[in-house]
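Pasting the structures in now, so scroll down.
Both of the next two complexes hold chain A, though its partner changes from chain B to chain C.
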Partner chain A sequence: MIHVPAPDPFTVFGLPRSLDVDERTLEARYLRLSRECHPDLHRASDTGDCIAVLQRSAEINDAWQVLRDPWRRARALLELLSPGVLDRTKKLDPAFLDEALELAEQVATAGAASAPALRARLQAALADDFAAVRADLQRGDHEAAARRLHASHYHRKALADLEAKS
Partner chain B sequence: MSAPPTAPPRLVVGIDLGTTNSLAAIRAGKVARVLRDRDGEALVPSVVCFHPDGRTLVGREAKRLRLTCPDRTVFSVKRLIGRSAAEVGAEAARLPYPVVAGERGLPRIRIGDATLSPEAISARILQQVKANAELALGQPVAAAVITVPAWFDDAQRQATKDAAALAGLDCLRILNEPTAAALAYGIDGSKDGTVLVYDLGGGTFDVSILRIDDGVFRVLATAGDTHLGGDDFDLLLADRILAALPGGGKAVDPFVLQAVRSAAEGLKIRLSDAVEAELTLDLGPRGTASLRVTRAEFEAAIAPLVQRTLDCVQRAVRDAGLRLDQIDETVLVGGSTRVPLVRERLRALLGRPPHTEVDPDLAVALGAAIQADVLAGNDRSLLLLDVIPLSLGIETLGGAVQKLILRNSTIPTSVTEEFSTGVDDQTAVELSIYQGERELARDCRLLGTFRLRGIPPLPAGLPRIAVTFLVDADGVLRVHAREQRTGVEAGIQVVPTYGLSREEVRAMMLDSIEHAQADYAAREAIELRNKAEAMVRGAQRALALAELPPDQTYAVHKAVKALERLLAGPTDAAALRAGCDAVTQATATIADDVISAAVTRALREEEGR
Partner chain C sequence: MAYSDKVLDHYQNPRNVGSLDKNDPNVGTGVVGAPECGDVMKLQIKVGDDGRIVDAKFKTYGCGSAIASSSLATEWLKGTSVDAAAQIKNTQIVEELSLPPVKIHCSVLAEDAIKAAIEDWRQKRAARTAETGARS
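Right, the complex of A and B next:
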């Protein structure tokens, strides 16, 4: 099974291809596009091409889910700038895998006392990851950005697991 | 020249099809109102009685006959719709009317010699609501927006749509109940902000978090339990009453069950106002139960259930990416939110009393009427953006589920994946679709099997079939497929696991009584054989790929061999099904043994990213 990429979310939203997006602009545009295309508001005038209306509406919703999440936005951007780069860089540095496993262990054993410090650490690590991805992109080093994105996945996962525990 | 004819405004009503009560509402000129019958009653009890004299009664009249015809009076059918007999087994045992396993293991209600589907019962309720609405409006009603719990899965939604079709209603939209309630609450335009809707009905619990922003109602997250409601509070009290009967209520007949449940419901309602209530239930020759229940005792009994709802609330808030203190308002929906403990615990959790201006019994129908008005094209200022409550995925080798669409994705939403063939000249591929959050297929609900046919015969791996999974605005899945090289649209045959098949709906709508039972059995047998054969091939391939030491794969080899032997003989559906289950179980165990759960997860996520 191979994932077929959806239409480029930046184009769907008519936004420039950029890692940083103004959240207010994004949300306003999402609501405007939804009003223009949502099947609910086009039902009465709908002359039959129901699937096309649904598909367009789905594209807008799916692009919104990608663009509003900085990490998914970064992945989409990288894949656009350098198709296949995420696949090519999948192999993780073993040292990093060790760190990831250790983090998972810490999350699994974290109690009420140690959770806040661990949370702060993970949040800081994620901020570092994102800054590094931004710097790599600015330098045009897509491979480095992709590797860092892959690595950040374990920080996000650990943070999500930690939140799910509380 | 006369003016061009304008179509008269189409009448679309909103219908709240509840576990306990149902009702309709309409919105005309920006004002939504519930529709009442001749006696001024809006609520139609969701009860259908098949009287021995041949009459079918629905609503209040049916409810009154609960004790006269206990085994022919059907209620709480919403708990059965779109589910399997096995899933509803435990609670069906507590119902006074007989629920049996019918074709494909689906629950059927036995009334005398007839068996009825839950869809058919729901259709009778919808017909009554429709008739009341037509009487109140003085004109025919052909279309409706019908509400369901947000937590209903694809099968339960589809079954509700089928019930509407059987009742002669064009169901324009399946709308989530908490979303409907939020519409009723936020319609006046002064309620912009973040709202939590807590909907505890007779049989289901939902919680949804919405952002209301200038006419746009956007659901951020939803969570719930299709198996938790006021009925469960009643059952706890019913246990107390049964225990107070002579013999501890051991020998229960339908009459006693009905009487005890009615008494339990009354007791619950009284305990909402009083701190203690007394009950004397005289069942004539079956004995008398006398008991006194204090509110404190009742609350102690229901506290674990209330806690379950609060866990859902916290999960929904987390899924929405919010903290509890970011919720601006809480809206209560459903009769069971009248229970004081529920309000008290919610207030403690959210730090403020819930909003109580919207009538918890009417809010859902009023909201449905508002959405009906939007869909009729009368109001373009409002827009609802809802989400899918449970993730959708397909089964991959080894019994795992690969998620295609994640829960809380705004609908409509779609994803396209490309599949190929495993054998030369293969012209069909089968995909099993699951809904749920767990990682193994056996822990999720199998919604159905999609068979892609008409693939051009090509060497294995060459066909490229793009399959698009699209969840529409009803939260119902649609699948279409296309072979990429030839552009051939692959035909898709849907074999739903639950609910009615398309043929069944057609057949019932045509009122054809002749049911080709034998055809069904034959089709089921063929499908089962195909599945078993595919499983044998798949498991053998997996064994070859995995290169595991023989002691670890012994169980798999054994299960595969057993299944092969079954396939060599004449088809025995039950044995084949058991054989397939055994293979699934055996393959799942080796996956567990070989790789620890954490690594499996990591690998899967690597793939999914």
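Right, the complex of A and C next:
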């Protein structure tokens, strides 16, 4: 079988390559695309058609999963604009990692009294991360955006760990 | 996925957890991370005048294999020379802990942490030598 690279999610949805996607437009488009390509509506005349329809429908679903999640959308956009940038920026600043370690310790030892403040702090850190990624993208600084996306993983993981405790 | 007995042992009874004073001129600190899985590893060594590692501590935020890899690394580091420590390879950790392929990156992280700690100590020492050289 010949491997055909899947079209990028923005192309699948016919949307401009942008971090900002209107959620209602996105959902309406998803429903329309899914309808158009529903396997039940396509009485495929031969096996080739059938495979094409299934493949298209898988592409639509994959693209939907990426586009509806702002973080995954940001990753996809970055990889499109600057292929390999996420791989090239994996080495994070030791001072940041030190802070991440400290946060993890705070999460591990957080009790019912300290959890709400810590949760608010982590949520704020994630909001800051996303705002920074947006600003970096607008400036065209893809490496900075990629580093910030990597950094956000630590905040998301700490938040998930905190939620798992309660 | 099942962890090997050695991984479980290090995970349940991690050796040398803690930290050393990072401002101590004889202490080298390495902090490394794997952003895909959100792991962080901090490894510190304290080096004596004879170039031997007299103490090693670690703190790791990550999976069992990452904890076991760094715990094992500190065990190996204690008492060895800095030069020998610099030769430690992740494959030795993989072998000792029987890490499966999906966990090899944890051992790579431990090797990176050792190298970063040694590099930090060497830089401190070089800076100190330059300072005493400039004074005399």
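One rule holds in what follows: the second predicted complex is superposed on the first by the 149 of 166 C-alpha atoms of A that agree within 3 Å, B and C clash if a C-alpha of one lies under 4 Å from a C-alpha of the other, contacts with A are read in each partner's own complex, and residues count from 1 in each chain.
Note that in this section a contact is a pair of C-beta atoms (placed from the backbone, for glycine too) under 8 Å apart; a residue touches a chain by one contact, two chains touch by 3 or more.
Model, not experiment: these values are computed from the prediction.
By the touch criterion defined above, A:His153 reaches both chain B and chain C. With both structures placed on the common chain, the touch criterion links A:Asp98 to chain C but leaves chain B unconnected. Of the two partners chain B and chain C, more residues of chain A are touched by B. Legend: residue contacts after superposition of the two complexes on their common chain; A:His38 is shown touching chain B, with no touch to chain C. Once the two complexes are overlaid on the shared chain, A:Thr109 sits clear of chain B and of chain C alike. Shared-chain residue A:Lys90: touches chain B and chain C both. In the superposition on the C-alpha atoms of chain A, the part of chain A touched by chain B in one complex and by chain C in the other spans residues 90, 100-101, 104, 150, 153, 157. Residues of chain B that touch chain A in their complex: 172-173, 213-214, 216, 318, 371, 374-377, 380, 383-385, 394, 396, 402, 409-419, 466, 470-473, 480, 598, 602, 605-606, 609. By the touch rule above, chain A contacts chain C in their complex via residues 90, 92, 94, 97-98, 100-101, 104-105, 150-151, 153-154, 156-157. Across the complex, chain A meets chain B through its residues 1-4, 6, 31, 34-35, 38-41, 43-45, 51, 54-55, 57-59, 61-62, 64-65, 75, 86, 90, 100-101, 104, 150, 153, 157, 163-164.
Chain C meets chain A in the complex at residues 29-38, 40, 42, 59, 61, 116.
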